[in-house]
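Next come two complexes built around subunit A: one with subunit B, the other with subunit C.
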Partner chain A sequence: MNALRSLVLKPWIWSFVATVIVWLITIMFTGGASAAGLSQAAFTFAAFSVIVGIGQMFVITLGPGNIDLSVPAMITLSGTVTLKLMGVDNALILPGLAIAIGLGVAVGIGNYAFIKLLRIPPIIATLSMSFIVQSMAIWTNRGIRIKPPALLADFTTSTLWGVPNVALVAFVLSVIAWVLLQKTVYGRWISAIGQSIPAARMAGIPVDGVRFATYVLCAVLASICGYMLASFSGGAALNMGSEYLLMSIAVVVIGGTAVAGGDSNVPGIWGASLFLFLVVSMLNTYGLGAGIRLVMTGVIIIAVIMVASGRKRGRA
Partner chain B sequence: MKINLSTDSVRLLIPALSLIVLLCAVFYLQPRAMSYTGLNLLFNLAVPITLATIAQMLIMTVNDLDLSMGAFVSFVACVAATFLPTAPLIGTIILLAAIAAYAVLGVVIHVRQLPSIVVTLGMSFVWGGLAVLILPSPGGQAPVWARWIMTSKPPLMPMAIVASIIIAVITHFIVMRSSFGVLIRGVGGNTRSVERAGWSIISARAGAYALAASFAVLAGIALVGLTTSADANIALRYTLLSIAGVILGGGEFVGGRVSPIGAVIGALTLTLAGSFLSFLRISPDWQIGAQGAILIVVLALRLFLNRLEKREKGR
Partner chain C sequence: MNIRKMLLASVAIACAAVPASALADTSGKKIALSNNYAGNSWRQAMLTSWEKITGEAVKTGVVAAADAFTTAENQATEQAAQIQNMILQGYDAIVINAASPTALNGAVKEACDAGITVVSFDGIVTEPCAWRIAVDFKEMGRSEVEYLAKRLPQGGNVLEIRGLAGVFVDDAISGGIHEGVAKYPQFKIAGSVHGDWAQDVAQRAVAGILPSLPEIAAVVTQGGDGYGAAQAFAAAKRPTPIIIMGNRQDELAWWKEQKDANGYETMSVSIAPGVSTLAFWVAQQILDGKEVKKDLVVPFLRIDQDNLEANLEKTPKGGVANVEYTLEDAQAVINSAK
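Coming up: the complex of A and B.
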């Protein structure tokens, strides 16, 4: 009984409840015919949102005003650059991944350099950065669609015991993120900074170093996501990152991470990512037009946030 | 020497300075722009951006952020291009309902203590969907009066500049001089103290949101007046443009520190940055990147001048 109550009090439980409900409704509508297919698709697409969302969550946990808007441009840049450099050569898969991580580190450093040196709010700093990064992506892409190496394409599109490989990668990354946040000094520092920067400073926490590392981490995760997304979809496109701007923020907040910072939540990101994908596919199954689908998505997002936030207030 | 400058005017000095520098650069590159027609062309698209920036500024005054601004302006543009010319009554009712929806949004955000970023994020889907429902494919036509206003040619100064000045003056009086303006800035500065002083925070927030929506509605109509047709994605970039405009103009994300005149100047600077880049003949690949670079340069300038000011004070 006690275990159940503590489960109900977890902020992330609501995104999973909503996910299960939407999943059941969709399955009922299709008569159970596509249960396995739908679940697999949901885990595949949710995996990408999870990877980006974790990075965004670390940044949002840093406190009010911290947000990374350069995520979509980062995804696009890493997708285009790595595919171009790898050509279709299987031998270059790992160097490609290293380059993706390198790009992420570079953009992350740039982001924090703007925030720190120019003292501009992160939202504007990362926005300006995203313009520059997007330009670099346009410049490298030139509208040519290069296929990913066959081995990598196979890996990202196939499954292991019925679980999509990308979901496994995302799972490993989220476990690492969870350990990082909950069990390491770095994670405690992030939460402390999110709760109060002056207090964190007085406690002797290297505030700048932690914020710097967090922005770099976010950019690296976005970059890895771009690398995998481009391989999964058989080539990079200049708009491939665009939907992940809203997505990365939405999954973090719906997943129960405090927008005011200082309180993060890894499991919730999975719930929210699955939920958002399933909502869209549920509306698709009903065969609704694009307009109604968009309106419904918005209404459902707001409804879930209202329910979830209501809970949180009760606790406080 | 500059002892009498208040902090507020220093805040205004920097955006104004960057606008002038950019304008000089444009004139240097293209001397023919230094004319009535040239200025008109340069600032043509500034009016809707300015109005949207003011709308965003009003939301930022109460410490919120509207990520649905672009979607909302697109939605208004779609209504303005379909209902307003053919069925003005229905069109007006829809737009009034949209303004009311914003007021409700303000109330909901306040009562449930929701993060405005997320709620407006959700609303951006709603507005986008409604826009697609109203106008599935690009088209429509501008209301005659909107077209007439946007293409009118007042003496001495082009329409866009006259309009910007009028917008700046009106919003300056609303936000900086009226009691309502003081109230909403107070909400941004210290909600609790305003509440204890006996004001209703709910109605202040609702008012700020409704006023913001009204300016966004004007932005949508002005945009259709210029483009003569609409499409559901016509103004999506306004979300980020409007936020950048407010910040360029010396506004802050929290604390109710905003400047209407600064916001107008910020919006004009952003519009001009686009023209400046095309005069520079930068390859289209780098246009967006250069826009980001300009944003950074202006903000670096602001930091530099702020430091200078602090040093003067330190003496």
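Coming up: the complex of A and C.
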């Protein structure tokens, strides 16, 4: 009973409750026959949202005003550049990944340079960065689509014991993120900065260093996501990242991370990512029109956030 | 060489049509392209075609300038401001791919009042003073179902992949598809998802709905989404239905692969991004003093089983199947509208 109560009080539990409900409603349509297929598809596509969502969560945890809007452009740039450089050569898979990480580091540094040196608010700085990055992606390849190396394409589209490989990668990254946040000094520093920058400074936390590292981390995760997404879907496209702007923020918020910063949680990102995929599948399955579908998606998301935050207020 | 021939032909036609003195010279005229979006491969091919054809036209002195401008944010307000700038810069004609059919009408009217020729294509504007080069999207949707009726006389379940919700092109193509289904009631639309004309979005949407669908005999699409649908069917280990393809090279390449492996048959309908060059020639013809009807229709690009190889060969790897139009093509379109 006690265990159940402490579970109910977890801020991330509501996204999982919502996910299970939506999942049940969706498979009811076929009397349960679609359970395996739907779950597998959900885990595959949720994996990409999880990877970008974790990065965005770190940034949002830094406190009010911190957000990275360059995520979609980063995904596109990393997908285009790495696939062009690998050029279907299996031997270049790891160098390709290294380049993706390098690109992420570069864009992250650029983001923080805008924020710190030019004193531009993050929302404007990362938005301008995204224009630069997106233009670079267009300039690299003019929208020409190059296939991923066969080995990499196989890896991203296959499963291990029924679990999609991309979901496994996302899971490993989530565990690392969780350890970083909960068990390391760096994680404590992020939360402290998110709660109050002046207090963090007084306490001797290297505020700028931590913020810098966090923006770089977010860009690197977005870059890895772009690398995997492009390999998964058989090539990069110039608009492949556009969906992940709202998605990356939505999974953080629905997952129970405090928008005001200072309090984050990794499991919620998974619940929210699965939930967002399943909501669309459910509404598609029941054949609702696009207008109703969009309205319903909005209403359901607001409902989940209200339930989750209502709980939190009750606790406080 | 080709251009010279084209020029000679245009002069010849102009001379035949009207007395030589009435021929207005366009060599001093400036044409601008106002484009609302550049973020996908279709738009990139559209801009490349524009550059290629108008670059030659400028070099050979057909027109003085043909500059392309793209707005950053795909916003109608931003594009309206861009058009106002073009008016101030003194362009003689503006070719528009519009962000909205109605929201630019004010700016377009201003341009017309300033004596500027406005030609809209693909994303057309409703302002009556502008010319419109439109694709019969409804017919495009209908032709997909007609093709399926020939291939599958017994009918079956159809999955519809739509485009971007809220864009009139999506409504028009989908409307055509539904008209087709009404005409051939042996088909039933078992499910409908929005793929946003993007391969990865289509793949995700199809993967989400597929587990709950009965056996699917065919997939009707709007272009750019066929390969993603094929991938989703393969991932779910379901038999590949007849998937109508668009004009992306990966779609055609996949089709060719399947054709060679197991004799897979389908077809592809799309709008060639080179339609921008058609709009350019139409604008040039109007500046030249030609009588041109306000509403022109551009044929859509159809690829069938037998001309697949030829089209695939012409399509750049990773690009989009394309047709660039010549002055003669433009004149043919203009004449057929009369």
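Heads up, the rule we're going with is that the second predicted complex is superposed on the first by the 316 of 316 C-alpha atoms of A that agree within 3 Å, B and C clash if a C-alpha of one lies under 4 Å from a C-alpha of the other, contacts with A are read in each partner's own complex, and residues count from 1 in each chain.
In this text, a residue touches a chain if its C-beta (ideal position, glycine included) is under 8 Å from a C-beta of that chain, and two chains touch if they have at least 3 such contacts.
Here the structure is a predicted model, which is why all the values come from computation and not from measurement.
> Between subunit B and subunit C, positioned on subunit A by superposition, is the outcome a clash or a fit?
clash
> Looking at the overlay, what does A:Phe43 touch: subunit B (first), subunit C (second), both, or neither?
Neither partner.
> One more residue to check, A:Ile302. First (subunit B), second (subunit C), both or neither?
After superposition on chain A, A:Ile302 lies in contact with subunit B alone.
> Of the two partner chains, subunit B (first) and subunit C (second), which one does A:Phe114 touch, if any: first, second, both, or neither?
first
> Contact-wise, after the overlay, does A:Tyr215 reach subunit B, subunit C, both or neither (first, second, both, neither)?
The answer is neither, since A:Tyr215 touches no partner chain.
> After the superposition on A, what does A:Gln134 contact: first (subunit B), second (subunit C), both or neither?
Both partners.
> Classify the contacts of A:Ala290 with the two partner chains as first (subunit B alone), second (subunit C alone), both, or neither.
A:Ala290: touches subunit B and subunit C.
> Touching A:Phe277 in the superposition: subunit B (first), subunit C (second), both, neither?
second
> Which one hits subunit C, of these parts of subunit B: 3-11, 21-29, 39-47 or 201-209?
Superposition on chain A puts subunit C right on top of 39-47.
> Can you list the residues of subunit A that meet both subunit B and subunit C?
In subunit A, positions 131, 134, 138, 290-291, 293-294 sit in both the subunit B and subunit C interfaces.
> Any idea which subunit C residues touch subunit A in the complex?
On the subunit C side, the touching residues are 38-45, 48, 72, 162, 165-166, 191-194, 196, 198-201, 203-205, 207-212, 227-228, 231, 235-236, 248-250, 316-319.
> Quick one: in the complex, what on subunit A touches subunit B?
Contacts found on subunit A: 64-65, 67, 69, 114, 118-121, 123-124, 127-136, 138-139, 246, 249-250, 253-254, 259-260, 289-299, 301-302, 305-306, 309-310, 313.
> Which positions of subunit B touch subunit A when the two form their complex?
Listed in rising order, the residues of subunit B that touch subunit A are 67, 108, 112-115, 117-119, 121-133, 136, 240, 243-244, 247, 253-254, 285-293, 295-296, 299-300, 303.
> Please name which positions on subunit A make contact with subunit C in the complex.
26-27, 29-30, 33-38, 41-42, 44-45, 131, 134, 138, 141-147, 157, 229, 232-235, 237-240, 242-243, 277-278, 280-281, 284-285, 287, 290-291, 293-294
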